[in-house]
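Below are two complexes that have chain A in common, paired first with chain B and then with chain C.
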Partner chain A sequence: MEILRVVVTGSVGAGKTTFIRTISEIEVVDTDKRVTEEETADIKSQTTVAFDFGRLNFESGRSLHIYGTPGQERFEFIWDMLIQKAHAYIILVNAHRPEDFRSTRRILKFMSQKVQIPLLIGLTHTDYPDAWSPSDIAIALGLTDESTRPPIIAVNATDRSSVFAAMITLIELMQTPMLH
Partner chain B sequence: MDLGNLLKRLKVALEQVSTPPEPSNPISPVLPLEEPPNQSPIREKIMINASMLQDVLQNFVSGTSDVQGIALVSPDGLALASVLPGEMDEERTAAMSASMLSLGERIGRELARGSIDRIVVEGEKGYGVLVGCGIDAVLLVLASSAVKQGILFLEIKRIVAKLAPLVS
Partner chain C sequence: MSLSSSFRDFSLAELFQLVDQGRKSGCLTVCTLPSAEVADSKTHYYYIWFREGRIVAAAHRLDGKGLVSKLTERGWLNQHSQGKLSPPASTGKPLGLNLKTEGVLTSEQLNLLFASQLYQVRDLFEIYKGIFKLDSKAALPWNEMTGLTLGALEVALMALRALKNWQVLADVIPEPDCGVQSLTNIPQMRLHAFEQQVWERASGISLEAIALQMNEPTIKVQQAAFRLRLAGLVEEVPLLTSMPVGSQTATVLKPVQSQIGMSFLQNLVGFLRSKA
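Presenting the complex of A and B:
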């Protein structure tokens, strides 16, 4: 059986757990705990403390395994564990929380130092009126060179077809030789 | 890796996802704020008891032979109080403790082991034991390999009984 491992990462409240719950065909293995940090409690009540795991099986015997990381930097040992075995990854960015871009940038840096694998940037919450545009977010994340930067697409983590479309884009990336 | 096939199947799967086109109904906020912020009674109580917690932990480490360190952390991985060997980073240890207990509990549930009493990591140089301490805290105890396991578990049970009321 061939297993393709995809990691979904990003800052707190970007929609990683939701993304995996939306795409997985099995009941997602999650490790959500109640939030005690005040700045996080304003955004959501539960947070991932180890990882989320979802799966999609295909008749051919292939299997897509999707792992979601915690968003907080104190869990970087989990980021490391998961990314080392990944074939590709998605960074989710909450487009209307510019205060999180710095932490997203740190995640991006952490991951790209560890691995050189296909990457997709998914923008969530783009329906908010104050959401940033993809090009502005690219600049905020330090991805200024358009020719080498990873694709940036909008994702609605609660919508199955949107999440599938993101996954297809990622797999298409894996078929093309890497530019960076 | 032959991805073409997989891609085809994903695309088929996508087509089968018969989500009706999103009507332009009023968009409900994706992240509803369920509770008004500033509701953190736990934190306030912890602040009141912080020095008391620290004392209890300090007494435990100095009063129990072969115990090398202890940390009390929130279920989402933030340190509440700790007495740790010098080379250990409190923030990192706290996050690891929360991950390990949460994952252990989840594995216990998936593998039908019932409710989990403790998670034990046994290494060449000693033990790391994790237990829940009320619903608002997780306790990590580090002990050297010389420790008698029965005594260790008993002492942990006692200190949990002492700490749980302070954090609940």
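Presenting the complex of A and C:
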């Protein structure tokens, strides 16, 4: 069995679970729990505490596995476990929640310090009137050098064609040599 | 697209870095929120204008009379001088430069006026409760401009060096056990001696190890490291946590996982395109 493992990460409420549900051919194995922390409860009623798992079999013996990390930093050990096995990853950023940019920056730093694998940044909620622009979000995430910055695209996690397009972009990145 | 948030979520220092690196123009409105801990605390508005990442003016009013008010307070502009001037908006030149051309102000006075605007900006870095919005379409405030400018990042560094209440930035300064690595051989900006010493030691060791080497409080080193990071001179790197303080060095990145065949990737892309 040949398996491509992609991790979908990002802060709480970025759309990770939705993204995986949209692309997965199986019912997503999720570990959502009712939120008890006050700040997270303001954003969503349930949040991922272990990880989400989705799958897409596209040929006999060939499969795409997608893992969604929990957004909260106290589950850092799960981020580590998942990213160590990943071939590529996507960081979802909620473009209209600048209060999440710091935690997203920490996730980005954490992941990039663990592995050097293809990365795509997907901006969700870009249709909100107060959404930040991709270039502003890039700087807020510490990605100031345009020449070395990973691709940043808008993603609608609920829209099948948008999610598939993001995944295609990521896989195409894997087909080009990485510059370090 | 808008650029707005609250200081609790996005500090003024980070915002100035964004303005500088993004070479932003426009008017930043800062609104302080009343504090429950301070008696008679009120909401105040401040305005900072940028052009391509540089501060060109600052005022606490929008009627265009901030600079004239500073001039009259200092006795540098009498009614006779005012009468001689063309309205700056019609000349498309900063009021300060016009006054210098007319011989009303000296270069030194212009410097002092701009410095007083920057002091207003510096004080805003102490604010914990407030919101901001950058209007990138705002016109340049010729009446408030001296003609002098300073990069937003330089102003942020200046403000952070004078900052008294670091609680405002508690969530963003690097942790004591965080490793820092220098990103450049020669800093392209003037550093204070303390920052220079921290930068010179930023070779992947932890901030607490640097503090030990320098025999300085760790918090002071953390604050300097934050400024250096803001300036793009250092980055945070992971440490081997099992090693004792003082001998901690950056870990080696794990290699990329086992490779996936090109035909696998091509076929998967083809499949996704067919299903999208």
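Note that in this section the second predicted complex is superposed on the first by the 178 of 180 C-alpha atoms of A that agree within 3 Å, B and C clash if a C-alpha of one lies under 4 Å from a C-alpha of the other, contacts with A are read in each partner's own complex, and residues count from 1 in each chain.
Quick note on the criterion: contacts are C-beta pairs under 8 Å (C-beta built on N, C-alpha and C of every residue); 3 or more make two chains touch, one makes a residue touch a chain.
Computed from a predicted model, the values in this text were never measured in an experiment.
Asks: Clash or fit: chain B against chain C, after overlaying the two structures on chain A?
Replies: With chain A aligned, chain B runs into chain C, so clash.
Asks: Now for A:G71: first (chain B), second (chain C), both, or neither, which partner does it touch?
Replies: In the superposition, A:G71 touches no partner, neither chain B nor chain C.
Asks: Name the contact category of A:R160: first (chain B only), second (chain C only), both, or neither.
Replies: A:R160 sits against chain B and chain C alike.
Asks: Go through the superposed model and pick first if A:F58 touches only chain B, second if only chain C, both, or neither.
Replies: Touch status of A:F58: both partners.
Asks: What is the contact status of A:G13 with respect to chain B (first) and chain C (second): first, second, both, or neither?
Replies: A:G13 contacts chain B only, not chain C.
Asks: For chain A, which side has the bigger count of touched residues, chain B or chain C?
Replies: Here the partner covering more residues of chain A is B.
Asks: Would you check which partner chain A:I171 touches, where first means chain B only, second means chain C only, and both and neither mean what they say?
Replies: So A:I171 meets both chain B and chain C here.
Asks: Once chain A of both complexes is superposed, is A:A50 in touch with chain B (first), chain C (second), both, or neither?
Replies: In the superposition, A:A50 contacts chain B only.
Asks: Just chain B (first), just chain C (second), both, or neither: which does A:P150 touch?
Replies: Neither partner.
Asks: Who does A:G122 touch here: chain B (first), chain C (second), both, or neither?
Replies: A:G122 contacts neither chain B nor chain C.
Asks: Classify the contacts of A:V29 with the two partner chains as first (chain B alone), second (chain C alone), both, or neither.
Replies: A:V29: touches chain B, not chain C.
Asks: Identify the residues of chain A that lie in both the chain B contact region and the chain C contact region.
Replies: After superposing on chain A, chain A residues 2, 4, 58-59, 62, 64, 87, 160-161, 164-165, 167-168, 171-172, 174-175 contact both chain B and chain C.
Asks: Quick one: which bits of chain A touch chain C in the complex? Just the residue numbers, please.
Replies: Contacts found on chain A: 2, 4-5, 58-59, 62, 64, 84-87, 98-99, 101-102, 109, 113-117, 129-133, 135-136, 139-140, 144, 160-161, 164-165, 167-168, 171-172, 174-175, 178.
Asks: Inside the complex, what are the residues of chain A that reach chain B?
Replies: My answer: residues 2, 4, 13, 15, 29-31, 33-38, 40-45, 47, 49-51, 56, 58-60, 62, 64, 70, 72, 74-75, 77-78, 87, 124-125, 127, 156-161, 164-165, 167-168, 171-172, 174-175.
Asks: Within the complex, which stretch of chain C touches chain A?
Replies: Of all residues in chain C, those touching chain A are 1-6, 8-10, 14, 17-18, 21-22, 171-172, 232, 236-238, 251, 253-257, 260-262, 264-269, 271-273, 275-276.
Asks: Give the list of chain B residues in touch with chain A in this complex.
Replies: Per the stated touch rule, the residues are 1, 3-7, 9-11, 13-14, 17, 19, 22, 27, 30-31, 33-35, 37-40, 42-43, 74-78, 91-92, 94-96, 98-100, 102-103, 106, 110, 136.
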